[in-house]
Amino acid sequence: MTIIIYSIIILGSLGLIYGLGLAIASRKFQVEVDPKIEKINEILPGANCGACGHPGCFAYAEAIATQGEEINKCAPGGEKACKAIADIMGLKATTRERNIAVIHCQSGGKDNTLLRYKYEGISTCKAAVLVTNGPNMCDFGCVFQNDCIAACNFDAIHLNENGMRIIDPDKCTGCGACVIACPRNLIELVPISKKVHILCSTHDKGAVAKRKCGNHTACIGCGLCVKKCPVDAIEMQDGLAVINYTKCISCGQCALVCPTKAIVDPLAGKRKKAVILSDKCIGCTICAKKCPVDAISGEPKKVHKVDSEKCIGCEICFEVCPKNAIEMN
Amino acid sequence: MEFIGKIFALAIAAIFVQNFVLMRFLGLCPYIGVSKKLDSALGMGMAVIFVMTMASTFTWLIQNFFLVPWKLEFLQTIAFILTIASLVQLVEMIIQKTAPSLYKALGVFLPLITTNCAVLGVAILNINDQLNFIEAIFNGFFAGIGFTLVLLLMAGIRERLEKAEIPACMKGTPIAMIVAGCMALAFLGFSGLKI
Amino acid sequence: MRLFQEFTKGFVKENPVFVMALGLCPTLAVTSSVENAIGMGMAATFVLAFSNSIISLIKNLIPSKIRIPAYIVVIASFVTIVDMVMNAYFPEIHKNLGLFIPLIVVNCIILGRAEAFASKNNLLRSVIDGLGMGLGFTLALIVIGSIREILGAGQLLGYNILPATYKPVLVAILAPGAFLVMGILMGLMNLKKNK
Amino acid sequence: MKYYLKLGFVLLIITVIASGILAFINSFTEPIIKFNEQKQKEEARREVHPEAASFDSIGTINNETITVYAARAENDSLIGYTFLAVKYGYSSDVKTMVGLRSDLSINKIKIISQAETPGLGANCTKPEFQEKFSNLKYDNLLVDKDGGNITSITGATITTRTITNSIKEAFDNLDPVLKNTKTEEVTE
């Protein structure tokens, strides 16, 4: 019987000592962690991907709570995280469009790359580029050692049957890991609504570039797209056409004129034409002003009309019309 | 002089002959879990050495001043693990307050250590081998070093494994197990060593 | 029926040993023979089921600051009960398992299930989950135990099933064998899953 | 202040309940465990001295690490002695129960517990190895490698040498204990 009493006393006292000890310690060593930081940290996905520019989610949470960092920089978290943080911080949630990665090169597969030699070294792009500037003829093209796939921790990049790298827009969170991983800087983060891309990064002269490109879709720097673009969103940078995505309206006109098909427009031919519904239109002329190709005509206060030949289907008028009197079909 | 000999013998035994991870199978969960990167392995190793030494000290005191005099040996498990859990939680709070930078490097490993079999293992082994107080502390310390040594070796190998050509199904834990098996084979060579 | 699914998920889909790589310490150490494996598996299942049930009952009485020590005391008391009962009624298995019965307390599965599952669900669900996980654990132990025993000693449960000419692969019983068998089994498990 | 008490009190209750239950169960299992241990020791001794009826300890040697028992038949006549020799072998402590006849020649030995390498050192528990020690005297307790005639187990010389030495060490200082039994016998 005494053993039971002894054991209760001993273990009981141990439990009490530890309980009190932990309680006192938790009070005395109270680290004044701003509760907001903890709450924000719980909301962030915790992938520590660094897309927000901070080393890890805890650092980003700290930055938000203490230095008033922007709250929409968490790419993997997306709108959901952004809104939740906004509630905590009491700010208005400025939603930012989701970015996805785009690879500006159409060669790099098995049968669309011209090779100088068969590369059998360390299978990483960084290593391949160090050996006489990569195995493929084109000095700016993809060296197909898949560093981007290795870097992506959202499993968004896969190889298709021809060995080309395909980015899955749903999985890609725009965290930018692949952008850093690619030694040739072929990958750029682009808002998801922009569909038209110049899939080439060569600064070689036209003829040289075309000859070196296995796919023969090199940008020869002719400048036709620059002239054709209704919103002047394309500019020539050292012999290479580059789209400025803030101006670009994804109308696809540049893709039509590009002689070497360097510009790829997935919506080619699928774009609808704008039609103004006469009963809803109040003639406020906003669409006419906004239309990049002046396809809409009509006096103020009168029902406007769209010239379907001129209309390039960029849907700007459709978005701006206050009375949504415009339909795309 | 004989005392130094005993400590040296303990060191050889704890680190090589009866290595806690490869021969006694203690502390495998963190061993497989944390050994992906060298720096996190080092952080974990330091935390384990510290906690093991502290744990050996406290548990030996509790056993010989609380449990044995009142013949409560059956409470050994519960008393030891309660001490270790509270110790780790206390250490975590102290480090978080006094050395935030150290806490950033070490913090995430500390709660992991409470469920580490090696810490409780070394505490119980100190009692089963009837070591005295000083020997128990050294045994805890050397066991920690043995754990860290093997953990660092493993982290080094696994970092190179990332670049190696491994069949898809073997990536991750399975290949880590095979590597651990080879290391255990190597450590088997030590088992005949006796000081 | 949802509960039955809850019960069987611990067998293959979420098998604590192969899929979640938890509780590796006892798995590798004790599976040198199927008899020990069954002993350890049953002990672990008993502790898992009972501790899950108690924890799910008292989960909201305990302040969060001392959550871990409180859970550990509950688990440790069940482990001590198992230790005493086994020592009294099954002395040889107890001698073989030796150090690894008290180590059930720090077995990552039990504290893991307690933290992750029992502290969030009602009594029935957590007991079912405890039993499922325990039996899944036992299943894994028996599988590894039988492979190692057949390879290492040409026996199964003590009866030699291989012809006497079979020269036993001694390494399977020793430490390296455990790692290698475990690695290969995990690889096969992944292979089946990826297909 | 209340916060401290609350934490401390909750842990106190849990530990008190736990220790109460454990102590209660321990009171049942403790005697059984003691009985098992006793029975196991008794069996081991009976094995090396099958014909003995009772064993009574007659003293300890090697600074109290080994207790020597005198094996007595029903009519209390001295048959021999038994003791448990323990030494660290290749990878674990090897415990050997040794049975001596009254003329100090080994009647039988039995390895009680060891965890040597399975398949090598562990073969010492096999009867054919243990019989090698029967009716050996103190001076021919030598392994073949050291010039004796005990052939060591294949690949496990260290284990064999450990067992032999553990018995020899006990022999060395067996005399003081035997002296008082001898005198006791004489006085009888």
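In order of appearance the chains are A, B, C and D, and numbering begins at 1 in each one.
Throughout what follows, a contact is a pair of C-beta atoms (placed from the backbone, for glycine too) under 8 Å apart; a residue touches a chain by one contact, two chains touch by 3 or more.
Since the model is a prediction, treat every value here as computed from it, not as a measurement.
With every chain reduced to the mean of its CA atoms, the largest distance from chain C is reached by A.
Of the two chain pairs shown, A-C and A-D, the one joined by more C-beta contacts is A-D.
Look at where the CA atoms of chain A average out and do the same for chain B: the two points lie 45 Å apart. With centres defined as mean CA coordinates, chain D is found 75 Å away from chain A. Inter-chain spacing, taken between the CA centroids of chain C and chain D, is 33 Å. Under the contact definition stated at the top, the residues of chain D that touch 2 or more other chains are 6-7, 10-11, 14-15, 18-19, 22-23, 26, 117.
Residues of chain C found to touch two or more other chains are 65-66, 69, 73, 76-77, 80, 84, 174. In chain A, the residues that touch at least two other chains are 3, 6-7, 10-11, 14-15, 18-19, 22-23, 26.
Contacts between chains leave no pair untouched here, as each chain touches all the others.
For chain B in complex with chain A, the residues that touch the partner chain are 62, 66-67, 70-72, 74-75, 78-79, 82-83, 86, 89-90, 93-94, 96-97, 100, 163.
For chain D in complex with chain C, the touching residues are 6-7, 10-11, 14-15, 18-19, 21-22, 25-26, 28-29, 32-33, 36, 40, 113, 117-120.
Those residues of chain A lying in contact with chain C across their complex are 15, 18-19, 22-23, 26.
Those residues of chain A lying in contact with chain D across their complex are 3-4, 6-8, 10-12, 14-16, 18-20, 22-24, 27.
The part of chain B that touches chain D in the complex is made up of residues 17-18, 72, 74-75, 78, 82, 191-192, 194.
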